[in-house]
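Right after this note come the structures.
There are two complexes below, and they share subunit A, which is joined by subunit B in the first and by subunit C in the second.
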Partner chain A sequence: MRTAHVRPARRATAALVALALCLTACLAGMVAPRQASAMDVVRCTGRPNSSDDKTVIQGATQSRITFEATVEEGEGVSVLTLTIPQDTTFETDDLAVTLLSGTDLMTRNEVSYDLEVVGQNLVFNFDEPLAQAGHLNIIVYGVYFPQAGGDMQVEATYRLASGDEHDIEGIPVIPVQGISGTEALSQWLEQQPWVQAWNANRFLHLFFDPTILVTSFPVVLNGFFMSVAIVALSFPLAIPVALVLALMRLSKFVVWRGIATTYVNLMRGTPLFLQIYVAFFGLPLAGIQIPNFPLGVIVMTLNSGAYMCEIFRAGILSISKGQTEAARSLGMNRVQTMVYVILPQMFRIVIPNLTNEFITLYKDTSLLAAVGVMELVMYARTIVASTGSITPYIVAAAFYLVITLPLSKITRHLEESLRGGKKRKRASTAEKGADAQKEAAHA
Partner chain B sequence: MAYVSRRALCTTGATAALACVLGLAGCNGGNASGTDAASGSSAGSAASASGDVTTMTSGTLTFATSPDYPPFENLENGEYVGLDMDLGRAIAEELGLECEYTNIDFDGIVPAIVAGGQADAGLSGISITPEREEQVDFSDPYYVDNQAVAVMSSNADITEDNATDALNQEGVKIAVQSGSTGEAFAAENFPNAELVSFPNFTDAFAAVNSGQAVAVCGNSAVVQQMLSGAYTDLHTVYTSATGEEYAIAVSKDNPELLAAINEAIATLQEDGTLDELIAKNMG
Partner chain C sequence: MPNPTSASAEPILRIEDLHKSFGETDVLKGISLDIEKGEVVVVLGPSGSGKSTMLRCLNLLEKPTAGKIFFEGEEITAPKVNINSVRERMGMVFQQFNLFPHLDALHNVMLAQQKVLKRSKAEAAEVARVQLERVGLGDRCDYFPGELSGGQQQRVAIARALAMDPHVMLFDEATSALDPELVRGVLDVMRELAQQGMTMVVVTHEMGFARDVADRVIFMEGGHIVEQGTPEQVFEHPKSDRTRAFIGEVS
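Let's turn to the complex of A and B:
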């Protein structure tokens, strides 16, 4: 029994000692080579090349590898071998090899070298062993990662003037994603003879480049949802605002009238563009912090409210006075008259105008692009700026039309039915009149 | 009614640019078969003083620029000032041409050069990138710039010592100019951060100042200029010698102009004028 107790204890101690030894060895192992080999990796990144997501690197699309490692004073690195991951192609025509020096590492020193390319290995034989402290920065252009993507591990070894070879350890992997469907389609299109013929025409190339059309479509679609979300929130919110403003403008009290009139005149008298600027850069300075999206919705609501107020006011005024008088004579009070008699008739009349306002509001969400709200135009604009093609704007235009064309058709229909309805009424009263005349004639 | 006036008021830079280029397209519609960049309005284009260079308007070299990017280009009392602007005038002088600037939003410059009819060349702190090279030709570079990140000086969370990690965090908002190399740089080096894009670089600084973003990332020279001028509450926490090259964009249909500009840049580099201009504008 006793021995049985002692044994596990001993084992535990032994295990602990072993663990401690192991840890020390590990630590020593980690530290020791660092001291001997002073080249440490600073960064190893690939240039994002996806139009869907600015931070995504995808396969089979042009990218660039930036590799940077430290060089110690007097180290004397004579050869550096950079191993590009398997199945990744690259160009060696314009490699950039620079030694960044100085305390802020901003001084660029040209490094002269002989390049040898062995398979995936780029072997830089430096004319002079690198002895100046700084960061060695190598940029490899024209890199195409494998189509399927995966974690790409760049490897690097270097040889000192003394002939010692060392690996540079801990180089971060470059996460590469498989090529997206649209990107693959775009590349396929680029190879097609008809696309090449199409793009040979300057106008078609600039405005309707099929390769950019397919890649920008899913990106701009994100903006479409954003724009629709903004308008879907701000339009219904603007209706009560506008209604209150309209009633204030029609109020008997000067103060209400004054407030509403000033507000409406201010909002309608200044460009929405400026109102957006004031809201986005002014309010935070006044200590009011609201995130981009709700702030955008609020500005659009307040602006649209002023325009809708005028629609409602005109609508209310267009209801004949007889309606009010009739309602009042039935014993309804002011509020009841407004709620049960005037407003229901007013809404019917203003629906076409409201639809127009909806269209205007939807298009005006594009102004939010100026303050960094990622809506339709902003997404398109980003691609335009980086590709230099107008095509994404055309895609954006299509997304506006998807909403505005059906809506204007509905507006026309509503307007016609409204006018038609009145005509029919008139026609029926005329018929009745005619009937009465006939009856009178008979008699 | 009310809507009409409102529509007229609400033209964004983007729509304006689009309308602008649409107008252009109308101009070029006649030669849709794509003969010459400098046709359309310039039916009467003639060789300039230097002999073999064709420009839009005979005797004048027109540059498209977006003057919101000091110290490279901005407007001071209606005058175009900055390194690019001085360089443009020097190049035009070398070529024996009049120098003229036309104001186009940055993202509209490359399309305008492709379409032709608006300007002969784009000179607006344009970095050479593979995407842009598909659309236009670039001259030899005249300036090498780096990237810098600035935050509010009062921000204790992001300092020069921890910037590399502190900026690459979930929830950190970095303001950038849309389509700029600063945007690409931030996406490559701070993939976890959230990028907020502004069409106008000045607004990216305003966004940091007003708390809409934590940091601003962009070309070093411009960041330094902004920090020494309008935005003294910010300070630089991170710089990287990316060595991106600024060059002049020229239509692919006008190799003669490209060659002439390259020649002029080489001359200005040799006689020290370029260095003088850089020293003068970068302070």
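Let's turn to the complex of A and C:
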């Protein structure tokens, strides 16, 4: 009975407390609208994730969002909805929700909640409405912003115990820098277990890091275009230079011969590297300003011209004297003989050597890196400098091989067909044999 | 048969005391010879006798050391003579054919016509077809030299020279590099050419051809003309022992 006796008294106390609570709640409800805003955003940031710049947040790269807002004393926030920007992915297994309180906000209070995820919305249903003043800090991990980047706007609304819903205004945007597809691929690769295993090997990591392989590819590709452009201009330009030199070297006039021979000996007798230095540092000192690219083309042309001159000269000398005699006996002059009889045959003979010269020239464009021409090696070198990996050089090597390997194969093929004296296939080859027999029978 | 002693028209080719030496070696030691228009002169002689050198002096592929050569009344050994215009009128056929290997038969015959005679492409092609037909190779126009037999190549070379409408044809051992069974075809072409009245100077070892076709046979040795006359005179009644020995040796 005692207990029965006591019960009403407790009930009364409970009712009193409830009444008091209700009153305060009502009071708070009346007071709240008068405040500027109940929850104010303190910060909303993404975690910088760029390996190049420590302040930059990149798209398609793992990051996290930290959202922090003030909570007023006794406000009673019961539900908070955080809206993550469109196309941004995130993980929800490992959220950190903390209420920082105390004067210096150093006291960490775990907040218990039920999480409901609706699309991009994270809905936190707090077990107890937040009554303590402080900063509510939420960290969302495993965030990937869109690859294209842009200004990411996080939105948040909250509901008070009273049922009133409010938006949190003035949330700052998170600026995200867009990245290329290969960067995204590289980021993705970095997460792959096999890549991590691969990179665990020091040698493979240094020379064949897949992540750097994919990021350096488009960059080094620029250098590839530059190198190809240089050689694509200087090689054809070197041909007339070399022809003139070759004809001068074969000339009867000692002056022409002397000039050409001196030039060829100088160019072939000194390193191309030195010639590049002289041109790139000497000319500006002499007051002649030529932009890098044309100057590079000029140097390569002049150097290659000397080597090609010797190829052409040997080619011309290899053509039998009978060809000249036949042409001259028909009344053709020297120039006509050269242009219509000797040179066409010469070009056919020198094609394998010319291809080799092309390969050499293409490889030698790398020397222009020393004077700052943005070609293959130069691009590779810049990435090597920033990553410390040798992989970009391997990528550059691949870009050289892409050109040189097929060309060497073609050269070998040409040499074989020249040596074999392959004849044109013709349907009437059999007829020719029959004809020879006829001729024989006739004799 | 023109008689060299008769006082007919001016000779088409006149050689006066022609000398040629290569360094210390005297190859031609004073050759004098008149060749009449339409005449077929066959030059015989052992190797090294200077036959080919003499022939090559005629179109100035070799520059004579001394002596004069007149062609159609013009002294071609004089300085400032346009050698090319002389050569236009003098066709030459080589032992090694010397066809242009990068051109097919038709274009071998067309090239000089277009570049030297400035004939149009169509005209040159037309002439080339006619000349190739003439040497029996009308069906080989698009063949490259490498695809033709030696005999066919030499016939293309003859067509190439003929296409220039030469006034004289020089044959420098035209059949010497050919397999024996291919010689006949080339000689047939040359014989036909002789019958059509072409002036020809032929250096050869083909005794049969000399006997049948030549108007005059010249026997050379050691840079001199040792003997000359009709085939009958030279072959049947050679005056010099050396000639007799050579003919006996060869035939």
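FYI, the second predicted complex is superposed on the first by the 245 of 443 C-alpha atoms of A that agree within 3 Å, B and C clash if a C-alpha of one lies under 4 Å from a C-alpha of the other, contacts with A are read in each partner's own complex, and residues count from 1 in each chain.
Assume a residue touches a chain if its C-beta (ideal position, glycine included) is under 8 Å from a C-beta of that chain, and two chains touch if they have at least 3 such contacts.
Everything quoted here is computed from the prediction, not taken from an experiment.
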**OP:** Pick one for A:281: touches subunit B only (first), subunit C only (second), both, or neither.
**Re:** first
**OP:** Pick one for A:345: touches subunit B only (first), subunit C only (second), both, or neither.
**Re:** second
**OP:** Give one of first, second, both or neither to describe whether A:377 is in contact with subunit B, with subunit C, with both, or with none.
**Re:** first
**OP:** Could you tell me if A:162 is touching subunit B, subunit C, both of them or neither one (first, second, both, neither)?
**Re:** neither
**OP:** Please tell me which partner, subunit B or subunit C, touches more residues of subunit A.
**Re:** B
Original post:
Which of the two partners, first being subunit B and second being subunit C, lies in contact with A:322: first, second, both, or neither?
Top reply: second
**OP:** Report for A:332: first if it touches subunit B alone, second if subunit C alone, otherwise both or neither.
**Re:** second
Original post:
So which positions on subunit A get touched by both subunit B and subunit C?
Top reply: none
Subject >> In the complex, subunit A residues that touch subunit B >> reply: 43, 45-48, 54-55, 62, 66, 96, 98, 100, 104-108, 137, 141, 200-207, 268, 271-273, 280-282, 284-285, 289, 292, 307, 310-311, 356-357, 360, 363-364, 366-367, 369-372, 374, 377-378, 380-390, 393, 397
**OP:** Give every residue of subunit B touching subunit A within the complex, in rising order.
**Re:** 2-3, 6-7, 9-10, 12-15, 18, 21, 25, 28-29, 32-34, 106-108, 110-111, 114-116, 129-132, 134-136, 144, 146, 175, 178-180, 183-184, 187-189, 191, 195-200, 203, 206-207, 209-213, 239, 241, 243
Original post:
Can you list the residues on subunit A that touch subunit C in the complex?
Top reply: 320, 322-323, 325-333, 336, 340-341, 344-345, 348, 421, 423-424, 426, 429, 432, 435-436, 439-440, 442-443
Subject >> subunit C - residues contacting subunit A, complex >> reply: 59, 61, 84-85, 87-88, 90-92, 94, 96, 98-102, 111-112, 115-117, 143-144, 146-149, 151-152, 157, 160-161, 164, 180-185
